[in-house]
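Next come two complexes, and both contain chain A; in the first it sits with chain B, in the second with chain C.
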Partner chain A sequence: MILSTLSRYRKLLLSFAGIALVFGLWEAEAYWLAATYKYGSDLLPTIQHVFSISLPQMARFGSENAKDSFLSGIVVLLDHSRYTVLRLVVGTALGAFIGIGLGLAISINRPIRLVLEPPILLVRNIPLLALIPLFSLWFGAQEVGKIAYVAFAIAVMLVINTVQAVANVRAIYVNYARTLGASAPALYRTVIIPSILPELLAGLKVALGVSWAIVLAAEFLMANEGLGKLLILAQTFFDVGRMLVIVLVFVVYSLILNAVFDRITRVACKWLPATK
Partner chain B sequence: MTMSSQSADATVAAEPRQTESAIKLELSHVGKVFKTERGDAYTALDDVNLAVQDGEFVCVIGPSGSGKTTLLSVMAGLTPATSGEVLVDGKPVRGPGRDRGVVFQQDSIFPWRTVLRNVEYGLEMAKVPKDERRRIAREHLKMVNLDQFEHFYPKELSGGMKKRAVIATVFANNPEVLLMDEPFGSLDYGTKTELQRELLGIWMRERKTTVFITHDVEEAVFLADRIVVMKLGRKTAEIEVLLPRPRTEELRLSEELARLRHRVAGLLAGTDVFPVVGGPLS
Partner chain C sequence: MQMASRNKVIQRSTAPPRASAIRPGILLARVRAGISWRRTAERVIGALVGFGLLVLAWWIAANYLGPERLPAPNDVASIMFRILSSSAALQSQEASGGIGPGLAYSSEHVLLGVALGAAIGIFIGLMIGLSKVANEILSSAIEMIRAIPPLAAAPFFLIWFGTSGTGQLLLIAFYAAVMVVINARAAVLHLDPVHEAFAATLGANWWQRVRTVVLPAFVPEVIGGIRVALGFSWGIEVVAELLGSQQGIGHDFVLLSTALQVDEIIAAIIWISVIAAVVDRLYLVMTAYFTRWVPARAQ
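Presenting the complex of A and B:
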């Protein structure tokens, strides 16, 4: 008991050390650049600069003549976050629903699988970024286009994941259920879906990670608001400090989403033997 | 070493037993030919005939590759026979069904269900009302001494406990025939003998017709009314086991059982000349 709490404390400490190391390197690099080159501090501002100057400057993206302040800087960030997070969450949920549903449908039997798998593999091999202009043409550059794009990207990822997961279900569970009298629909409900759940959630976690990149890409190319748009704006001003603020905001959101997702996974898969 | 000197032993009889009970499970000229990856035909089962009486406990013993697991899979309806047929109460088997409960060699217990919900599974599939199936499941958990563990997940159980839970599940589903494929093969000796006694205890109460696959000579002799010896896909011998029931640990260590064990071991080794039912000795 004492041993395990000690080691947990130690683990936490080591994780913090890793993060501190990254920030330390950043800070050292920033000072070195500033001391060595004329525009060094523009290439990589110090952490202190990012928080005390760049963050308040975010207010300027809100309205032309806003005064720089922490509060209005954060308000602007939150305001644009709304769009990005909404696109991400709605797009991912929709994509997961379609992808997993399609994956389960394909796995019903071999003929269906043989017909549907090749076109899906074909679509999966299209570089996702190549489709952004097409989606903005087909669905308009409005909300629908961006959400549809995220949903599409997530769906193509998860459909393969689901088919694979169903194929990996141990035959012994299926056989056991059948000898206990399970019908085909009951088999899906009581064996296939629960046993693929851990793999589905793992796939969804990867998809969620990618979905930040997807929504960002969509906002780069077809948005008037959102964190991706802010990043492009900051870039046009050559303001690395504000770009870093947005990157850090992404990191924070991503961490929160991951933590929430891990908790859901832990509850849903509490039956799973621990693997270390 | 020849065992023929013991063929007159009181505990051994060459003929199937004479009781006049009904045939529960019948295998008639069952054959199974697999296609290998190279495209060759491989005969896993060759004209196997077997009639299991209602309430009888039959052990099928054979070395690995003798086709005994394939035989069980065919009886379960999970593997279709290439020739012949399997009959339960005279009706041909067309696929798996709840009339034949199967305890597999590997862990088949559903890890995502608690022990209680595992035992309820078959009843749930049969749409037995919740209260009723809970009651039946609890009853069977008590039978295998797992009543303290109903809310445990399988990951929290030992190998022996998982096997017990599966046995409870299969019995709770009240099958006509019980098929067991080396269920205790992976357990240590103590757990194995304990589970054998428990299984016999439940079997004595419910008198399910049972086919039990094993490669363990002692296990076969301790459990069975009749032992079927298989080799290379063929039934090569049948031995009646007339040891008294209930079978106890004293009996396990008895001379009678030891003699029988030697006889079966001899048959497995192919050193005995013994009246053969259903095929030539190899």
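Presenting the complex of A and C:
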């Protein structure tokens, strides 16, 4: 008991040391650059510069003659987050719905699977981010283009994930249910969907990471608002401080999103025997 | 009937497409089972019908949208090889007439970047695998760094290292290193300490434990991580070049987009996909040797 508490403290201390290591290296590098090069502080500002100067400066992205302040800086960040998070969540949800639905439809029937799986695997070979010139030509800065791009990428990933998850269900479970007289809908409801759920959620988590990349690429190149657009704007001003503020916001969002997702996974897979 | 179901089971067990699935023994068993020819024929016919449907859907969509939005598949097919050496939109802008040099430039960057990142990633991954303290210290740092979307790092690398190529290369190396470390860490976390303790009980020294317990858990995961990085890096390279590069396929995309050459853009995307797929298959073949002992389906 005492031993486990002690080792927990040790663990906490060491993980704190890890975070301190990252920020310490950042700070040391910033001071070294500022001392060595004339414009070194532009390459990597210190942590206190990022929080006390760059964060209020975010206000300038809101309106031309806004005064720098923490409050208006945060308001601008939240305002643009709205677009980014909306694109991410709506696109991912739409893509997951289409992808998982199509994957299940394909898995139901062997002839359909034999016909539809090869072209989907072929499409999967396209590096998703390489499609951006096409989407940007088709949709320009229209909102629907960005959501369609995210949805397409997620759907393509999840169709294959779903088909493979269904194929991985142990034949003995399916045969057993069939022997007991389960109809096709009952088989899906009681055997296949519960047993593919963990694999499906794991696939969705990977897809969520890809969603971030797609949304960012889309905002870099085909948007007038959103955090990705702000990042590129700050880059054109060579303002690494404000870029770092935006990246820290990204880190916070993706940590929150991952935590929410893990929580959903835990609840959805409660019936599974613990693996660890 | 019994034969059919046995064959089905065998096929199921080879379902995941991984290097180790290509095992002559299983192929032989399928041939001996006797029914494999019918199944193969079904697969081939299904695939042909599927590809036919894909082309048909594209063709119908093209007719509906018009050539300036989506050119027909036969129009794209007819320029596939010409575009490598000559494209009107590119010729007016730069000396190299086609996308061939751009493709080569970008491919080189992806391969070099992933190789560099993999080397760094394997080094850090080994540290995590071999030292418990390193694992605990680096874990939180890694969790934080992996939360940065790889593309969010792109503008930084372009500012720090320039848009002339180094920035893109190091961005890919960064992404690949993070990917490898995450996978290496997963391998270490999933490794039951019982195995190492058991080996130690049997009198294995440090190097023997590393060679027979840690590395076998480590190698397949790292190889998988590098493969994921390799697959995703093509897109990262394209986007990083779109953000400001004077060379490479991303730069070609900028020129083609300005000229509204949708057919040539689609042809270029197909070329990247083909190169990415070929590199992926080559990687599988090359790494199959290192994972030959892994069962076809790790259960």
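The working rule: the second predicted complex is superposed on the first by the 258 of 276 C-alpha atoms of A that agree within 3 Å, B and C clash if a C-alpha of one lies under 4 Å from a C-alpha of the other, contacts with A are read in each partner's own complex, and residues count from 1 in each chain.
Heads up, the rule we're going with is that a residue touches a chain if its C-beta (ideal position, glycine included) is under 8 Å from a C-beta of that chain, and two chains touch if they have at least 3 such contacts.
Fair warning: this is a prediction, and the values are worked out from it, not measured in the lab.
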If you stack the two complexes on chain A, which partner ends up touching A:117: first (chain B), second (chain C), both, or neither? second
Should A:131 be classified as contacting the first partner (chain B), the second (chain C), both, or neither? second
Should A:217 be classified as contacting the first partner (chain B), the second (chain C), both, or neither? second
Answer with first, second, both or neither: which of chain B and chain C does A:101 touch in the superposed model? neither
Touched partner set for A:182, first chain B, second chain C, both or neither: first
More chain A residues in contact - chain B or chain C: C
After the superposition on A, what does A:190 contact: first (chain B), second (chain C), both or neither? first
With the two structures laid over each other on chain A, which partner does A:62 touch: chain B (first), chain C (second), both, or neither? neither
Touching partner for A:40 - first (chain B), second (chain C), both, neither: neither
Counting only touches as set out at the top, which of chain B and chain C does A:271 meet: first, second, both, neither? first
Let me check the overlay on chain A: which residues of chain A are in contact with chain B and also with chain C? none
Note: in the complex, chain A contacts chain B through residues 172-173, 175-183, 186, 190-191, 194-195, 197, 270-274
Over in the complex, which chain A residues touch chain C? Could you list them? 10-11, 14-19, 21-22, 43, 111, 113-119, 122-123, 125-134, 136-138, 164, 167-168, 171, 209-210, 212-213, 216-217, 220-221, 228, 231-232, 234-235, 238, 240, 243, 246-247, 250-251, 254-255, 258
Chain C - residues contacting chain A, complex: 8-9, 12, 15-16, 42-43, 45-47, 49-51, 53-54, 69, 133, 136-142, 144-145, 147-156, 158-160, 231-232, 234-236, 238-239, 242-243, 253, 256-257, 260, 262, 265-266, 269, 272-274, 276-277, 280
Taking the complex as given, what residues does chain B use to touch chain A? 76-78, 95-98, 100-102, 104, 106-108, 110-113, 121-122, 124-126, 153-155, 169-170, 173
